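I have placed the structure first, in the form of structure tokens, so that the comments after it can refer back to it.
Chains here go by letter, A, B, C, D, E and F, matching the order in which they are written, and residues are numbered from 1 within each.
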Amino acid sequence: MTDRILVINPNSTQAVTDNISAALDGLRFAGGPRIDCATLAEGPPGVESQRDADGVIGPLCKLIEREPAAAYVIACFSDPGLYSAREITASPVFGIAQSGFATALTVGERFGVISILSKSVPRHLRYVASLGLTARLAGDKAIEMGVVELQEEDKVMQRMTEVGKQLKRDDGADVLVLGCAGMARYRADLQDRLGVPVIDPTQAAAGQALTALSIARSRTAPAHAAE
Amino acid sequence: MTDRILVINPNSTQAVTDNISAALDGLRFAGGPRIDCATLAEGPPGVESQRDADGVIGPLCKLIEREPAAAYVIACFSDPGLYSAREITASPVFGIAQSGFATALTVGERFGVISILSKSVPRHLRYVASLGLTARLAGDKAIEMGVVELQEEDKVMQRMTEVGKQLKRDDGADVLVLGCAGMARYRADLQDRLGVPVIDPTQAAAGQALTALSIARSRTAPAHAAE
Amino acid sequence: MTDRILVINPNSTQAVTDNISAALDGLRFAGGPRIDCATLAEGPPGVESQRDADGVIGPLCKLIEREPAAAYVIACFSDPGLYSAREITASPVFGIAQSGFATALTVGERFGVISILSKSVPRHLRYVASLGLTARLAGDKAIEMGVVELQEEDKVMQRMTEVGKQLKRDDGADVLVLGCAGMARYRADLQDRLGVPVIDPTQAAAGQALTALSIARSRTAPAHAAE
Amino acid sequence: MTDRILVINPNSTQAVTDNISAALDGLRFAGGPRIDCATLAEGPPGVESQRDADGVIGPLCKLIEREPAAAYVIACFSDPGLYSAREITASPVFGIAQSGFATALTVGERFGVISILSKSVPRHLRYVASLGLTARLAGDKAIEMGVVELQEEDKVMQRMTEVGKQLKRDDGADVLVLGCAGMARYRADLQDRLGVPVIDPTQAAAGQALTALSIARSRTAPAHAAE
Amino acid sequence: MTDRILVINPNSTQAVTDNISAALDGLRFAGGPRIDCATLAEGPPGVESQRDADGVIGPLCKLIEREPAAAYVIACFSDPGLYSAREITASPVFGIAQSGFATALTVGERFGVISILSKSVPRHLRYVASLGLTARLAGDKAIEMGVVELQEEDKVMQRMTEVGKQLKRDDGADVLVLGCAGMARYRADLQDRLGVPVIDPTQAAAGQALTALSIARSRTAPAHAAE
Amino acid sequence: MTDRILVINPNSTQAVTDNISAALDGLRFAGGPRIDCATLAEGPPGVESQRDADGVIGPLCKLIEREPAAAYVIACFSDPGLYSAREITASPVFGIAQSGFATALTVGERFGVISILSKSVPRHLRYVASLGLTARLAGDKAIEMGVVELQEEDKVMQRMTEVGKQLKRDDGADVLVLGCAGMARYRADLQDRLGVPVIDPTQAAAGQALTALSIARSRTAPAHAAE
């Protein structure tokens, strides 16, 4: 199946995968690429530490090798295995952190990241630096709740609202990026509350995968039109 | 009409607009946003100098004011009037240079820009610096042909191929961005010839507009799915 | 007239032009270049938004084309039309923001900018980034008063003093740049109050124009002296 | 004497001082500050090594302490003792490298430096980095002639022309800064030959000192004019 | 055993480990920490791709967990698992790339890296960027020989000499870092041939581990001495 | 004597030298290089101002010229005369600030500096910028006590603890560097109190000198081992 996008949730929590999939409904078009979401059975319940992130790379790469797709999305904000995955498949592979940052660049001046745990922040900062984007980062602040706690809706929304306000007011963020794939379902409400664009990085990555495949699909059209 | 993307070619050359529109066919889905392309009658035949770029801002803003859309794309690689446009409409406005750079960030390590004329290059470099992306720019080289000359297919393809090879070999680019909206129709062939991804920035921007609108469209879905 | 400096106030408020002119008196020498100040009749009362800045470029360039001068100064802190102007005249053109920043670099370690309105700040930050000077910027804070309100002397001085103190204490600025040509007359008093150098960018730009012309004037002298 | 600018040549070669003084003639106005040039008797014939630069700081500071002036210019491209000097006098002190760089920023996009010897280049690069200006530096190349050899006019001009062309063509410089105070007399001719602005940093620094003093001189004027 | 340094070669080639160990002989002092070198049996013959690097993290962490040491050195220039390892042990963990870069900073102005394969270079560049050290990197060039080919002494020395000369001459490197732990035995000869310091990163890391442990060992001494 | 490290305290306070020497005891191995500490009789009681730092360079260089050593350490956090010293001896010369920063890079993500006086801070910031390390600096804060006051143990420890906590909490430092050689004896206790690594830069520099000499000593070993 050449025209499908495979979105891989590298943690083993099916509820996270379901939320991700629901958040991508708007990108599923008749005649467009199929968007499938898979859960990495071998992953931890949530990718929180560096070791969690490093640990999923092996099974993630094996999943990519056995599941052909026209494009892949790695739906974890640490982009685990992104560069390994690009070595083993000719299809484009999108990491949601990269895609979320890239989308933020086209929407505002300086982006804030809402992370799950403080211990993720140094990892994010190193990654942002490795991408040369530090000058565009306003700040990265944690709600201090683990991946599995993201089910506690009221508490999550309250903490995200607090942290989002700090990123706006203290750090000067004018666009926010959700720092965990498991936060997808809160995006729209949070955006309404905070009054600045809030980016779900998995939506951003899936949109980029959709664009890449759609352009490839129409590749003979421009030549004719040019005549 | 709330669900349309208006792509504005700020030069007055209708052939450029037609090529742009053809290149966006792959992003037109049944049930998706309508993608219209408009030519700025008051623009010059091609936006080549800083004064050309500055000169189209006034009529461009007026066009945006009289043509409602759910998202706008300014299809000129100088992103003329982008920040002015954002002041006068609540709809998202995408500049193709910004969108092309952002897309390049998710595809490779360092991007090269194929420009029309050397005199555009300092303007591009200032813009890349203002976006904080200098570390990701491999180089920016010109084919030394004006916008209207972009019709001369053989010569254009030959020059783009030469410049693209230099950007790969001498500057280390592993992804290329076309530095003019009028180059859209050459993207696919050039990519085949050079063996690295080539990004048409108007496609990139329209894809981002499509993603933004589609996500907004599906905004109630995640909440239900989360239950 | 080859030996005059034309300082152009791109807003239509004559009082601003008069203040600018008065602030340049110290640079008018017998035997030195004449320093004229012109008001752009087509400009808005104050350049405050991006659209204001973009909107004055057309008439500003026309004024430069019809008014010959040996050097031009664009006396608006957004440096509107600076790069367009440099395309249409062989005389040097100075933007006051650029000149103010450059002068600050020779006086202190990190400069603070006192802006009129918060909405100007992102524009300034992009510009500072495009110039590669972000590392030297301590901060940019607004007094939240529009250009025409700059006549209210007591209130302006009080707000500038507050903002200046914040830039010193919280952001570590050891030199301040006035972020609007209309603030010229407050420079000396503010410097006394704050105890750090305060730079009027129009004075800075006119001084650089004066230096450029004076050096050109004496250009045969060094050759003889060298013998 | 409060209204004089003292330009200090920290090497002991009087011919260099004489050339510097001649190059400043255009900045000497009736009614303007007096511009005196002094030779540091204790200095080496030319400041070429780091140890030369460090070695002149002591006597240079003593000269400043015994010679009152309203502004000082340290006329050596290593800016030796600049920060020490600022600790011991309340008058502004300009280092010619800083002033040359600052002036270059207002004239072009990227500046090239023409140095005397390759061994100066790492010192210059460290200094440019300490000033946060690396992004604006196109390159720094040496003519490989010592300070005292700068008298050999034909050879110097030939080497400076070669190096200047390389900086333009290979490094993309659109403005050049002379990397030694002893090169002053070649500025105008070199600019004619190369077709890009060439900045003598001592002229730049003296112009900034002149501007600073002239503004201070007129400091009561703006207040009256503002009424 | 609290006072030993464990140097882990994450590839499975014992000859590489033996060479590393020999190169550390000078750091083995009577009364100093013991320096042991271990081979990661589960590793590939050489770590060359991103997937190789990611793949060794799991077994590497397990080795650390079962082998107590007062300090660890990960002797692979990709620093695989460095941040994971730091999460699982309280002992300091040194990555040889980080240590090699840090040592280079104290020896010269700009360092060059001699890599094994071109495909490693983008990985290195991302890492250098993540460490904020891009401004100090002169260049990174490959000898295009895999880890196991590093036994071919004459060819290796010839290629390293060529690449080292290019890094010096073309990129301005004044200190070189060997980009693979398997190059250790060539360091001294290469340094002699090239006339610039050449850093074996494993020696650098072991030296830093030695310093860290020795300082901790003497921690009560200063207090007494201070009395 | 080729195998000794000479650590030079460029201030004239013998107690500082004694503390430095005691702090280096752990690096003195039987069979290892001898580590001698010298006081610069011509230095001021403490190097606090820029002029102090510049003033010691002359006598410091003379001391190096008359005292042969296999490696030198300049034990003042301004690294006075480092580049001059490197011009006059073929032995490696380490500046403790450089070495302290380099060590911090291998231990944590962002380092904080505890300085003696606020007036040192701009000097430090310029230096960090010149080294290209600004992105890794969390902050630099002063205890506001001069070098000679560093004897007042209780007060020093209290102020260092306060400043260290601020650097951790407000600036995000996860490793601290002592900003004065005279603070050596407080390192271990401060580290215990603050719970993050604290680096005495003189220990760091001496460790790097030790490593450099030890590697040179063992240079024939690797060649044999490779067979």
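The rule we apply is simple: a contact is a pair of C-beta atoms (placed from the backbone, for glycine too) under 8 Å apart; a residue touches a chain by one contact, two chains touch by 3 or more.
Because the structure is predicted, anything quoted here is derived from the model rather than measured.
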item	value
Contacts common to chain A and chain E (chain labels)	B, F
Maximum centroid distance from chain E, chain identifier (CA atoms)	C
Length of the line joining the C-alpha centres of chain A and chain C, rounded to whole Å	44
Inter-centroid spacing, chain F versus chain D (mean Cα positions, whole Å)	34
Centroid distance [mean C-alpha coordinates] between chain F and chain B, Å	52
Where chain F touches two or more other chains, by residue	126, 129, 131-132, 134-135
Set of all touching chain pairs, with the criterion as stated earlier	A-B, A-C, A-E, A-F, B-C, B-D, B-E, C-D, C-F, D-E, D-F, E-F
Interface residues, chain F side, partner chain C - complex	122, 125-126, 129, 134
Residues of chain B that touch chain A when the two form their complex	18-19, 21-27, 29-32, 92, 94-95, 98-99, 101-103, 105-107, 131-136, 153, 184-185, 187-189, 200, 203-208, 210-212, 214-226
Chain E - residues contacting chain D, complex	109, 135, 174
Residues on chain C engaged by chain B in the complex (per definition of touch)	49-51, 54-55, 57-58, 61, 81, 83-84, 86-88, 123, 126-127, 129-132
